[in-house]
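Next come two complexes built around chain A: one with chain B, the other with chain C.
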Partner chain A sequence: MAVGIVVVSHSARLADGVKELAGQMAGAEVKIAATGGGPDDTLGTNAVQIEAAINRVYGDDGVLILVDLGSAVLSAEVAVESLPPERQEHVLISNAPLVEGAVVATVEASIGASLLNVEAAAVRAGSMPKVER
Partner chain B sequence: MSTEQIEVQVTNEHGLHARPAALFVQTAARFQSDIRLRNLSKAGSRPVNARSIMEVLTAGIDQGSRIELTAEGDDASDALHALRELIEGRLSSPSS
Partner chain C sequence: MVLTKDVVLTWLETFARDVEENRAYLTELDGAIGDNDHGTNLDRGFRAVLNSLPDERDKPIDGVLKAVGMTLIKTVGGAAGPLYGTVFLRMASAAAGKEALSEADVGAMLAAGTKGIVDRGKAEVGDKTMLDTWAPAVDAFQEAEASGEDLLAALQAAAGAAEEGMKSTIPLVARKGRASYLGERSAGHQDPGATSSYLLFKDLLSAVEGTAG
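Entry: the complex of A and B
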């Protein structure tokens, strides 16, 4: 097993795209679920859908949830609180940026890192320079 | 326990970034040995943990970089062999 990854965005297409990108970094051993978007192609996030996404990738090593902005965090918090208590303690909402965080978290998960180590690596991805100046 | 060290040149187009870096870290993680990576082409660079994707990405290994790999542990030799094969073989072929 490996830590499961949930990608939450206000845009369903963005969530799917981040999943696609992160999925290129790891083999099939890392389960990634993407969720986001409101009804009729609108933007939004939905706690019930996030909860379902968590359950799709849940395993003994836990789940890291990567979120884009603002209310995605609130929806993710509600989703986590809706889980059975024994699952809640193995699910973490990440402080990492969505794209870099998802890519780095997926690689760390693929080598069997613990949930806390996957989150630590994902957060560090946010301070990685893109251009040398 | 043994400690072994090799030098390899990274020839693939993207260096050890993105997917090649992921493959490198995943290969290093298959072994018990402690594996360190140092970018010889960047002045003052320190050895980093080869199993950490963040440390490998920030080592800034580009196409043409020479790297030093040091492994310490019972499977040090096998680990370095596998990493050399990855860098000189699979990563340097156009399909990757």
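Entry: the complex of A and C
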């Protein structure tokens, strides 16, 4: 088993793209679910869809949720609170940026790291410099 | 005087109509400091509420409010979904087991809604959010209620404070939500969520006025 990854964005295409990008870094042992967009094909987030995405990738090692901004956090919190209590404690909303966070979290998850270690690595990824100045 | 379920239903219907009428205005306010969708989001949600009300109206007050909260969470799509959704779920819990709400019950219900906004959005008063309407409105209600005013008078006080709270967001710099990305440039615009929240208090007053006759 490995920590499951949920990618939440206001845009379904962005969520799918991040999933695709992160998925390249690991094999089938890491389950990744992407969810994005509001009702009627609008840009937005939806707690019910996020809850379903968590349940698609849920396993004994727990789930890390990567979010883009604004209501993605609020909707993810509502989704987590809607889970059965025994699952809630194994699900974490990440403080990491979406793209770097999802990629690094997937790598960490693939080597069997714990939920807290996956989150720590994802957060560190956000402060890795891209260019030397 | 008590708040009955019929008045709660009238309140919800009035607000749904008010949001529809003000959809463009609320969206325009959001266009100035956000992503131009608050009216559309909330209208979508309250249309769904209106559609579901026929199936819910036989439930007690808390059942109706809970159904509203769940519908908003499912259908709104923006921050207003989890925020108003949490408000209605918390108000439902506060009204649990009551067939009609006394002044003190209404105060407790509105206070529970306000706490829901804070728990969900982590905002403080002055952050330029819907909380800037809710917090003074609920304070005004509870103050009026504590000094012996009846429901109508307490709601008049609440609606007045809600309007002032809404207007108080104009000079503020946003510290929560999408508008916070604008920094100083968010000042000079009224917050859309604070505006829709004012409508909610105004419509609660008018629903009660309608039955006070």
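Everything that follows uses one rule, which is that the second predicted complex is superposed on the first by the 133 of 133 C-alpha atoms of A that agree within 3 Å, B and C clash if a C-alpha of one lies under 4 Å from a C-alpha of the other, contacts with A are read in each partner's own complex, and residues count from 1 in each chain.
Keep in mind that, in the parts below, a residue touches a chain if its C-beta (ideal position, glycine included) is under 8 Å from a C-beta of that chain, and two chains touch if they have at least 3 such contacts.
Keep in mind it's a predicted model, so treat the numbers as computed, not measured.
Aligning the shared chain A places chain B and chain C next to each other free of steric conflict. Touch criterion met: A:Val48 reaches chain C, while chain B stays clear of it. With both structures placed on the common chain, the touch criterion links A:Ser110 to chain B but leaves chain C unconnected.
In the superposition on chain A, contact of A:Ser94 is made with neither chain B nor chain C.
Looking at the shared chain after the overlay, A:Val78 reaches chain C, while chain B stays out of its contact range. By the touch criterion defined above, A:Ser11 reaches neither chain B nor chain C.
In the superposition on chain A, A:Thr35 contacts neither chain B nor chain C.
Minimum Cα-Cα distance between chain B and chain C in the superposed model: 28 Å.
Across the superposed pair, chain B and chain C touch chain A at no common residue. Listed in rising order, the residues of chain C touching chain A in the complex are 35, 37, 40-41, 44, 73-79, 81-83, 85-86, 120-121, 177-178. Residue ranges on chain A touching chain C, taken from their complex, read 38-40, 42-48, 69-71, 74-75, 77-78. Put simply, chain B touches chain A in their complex at residues 18-19, 21-22, 25-26, 29, 51-54, 57-58, 60.
Listed in rising order, the residues of chain A touching chain B in the complex are 24-27, 103-104, 107-108, 110-112, 121, 124-125, 128, 132.
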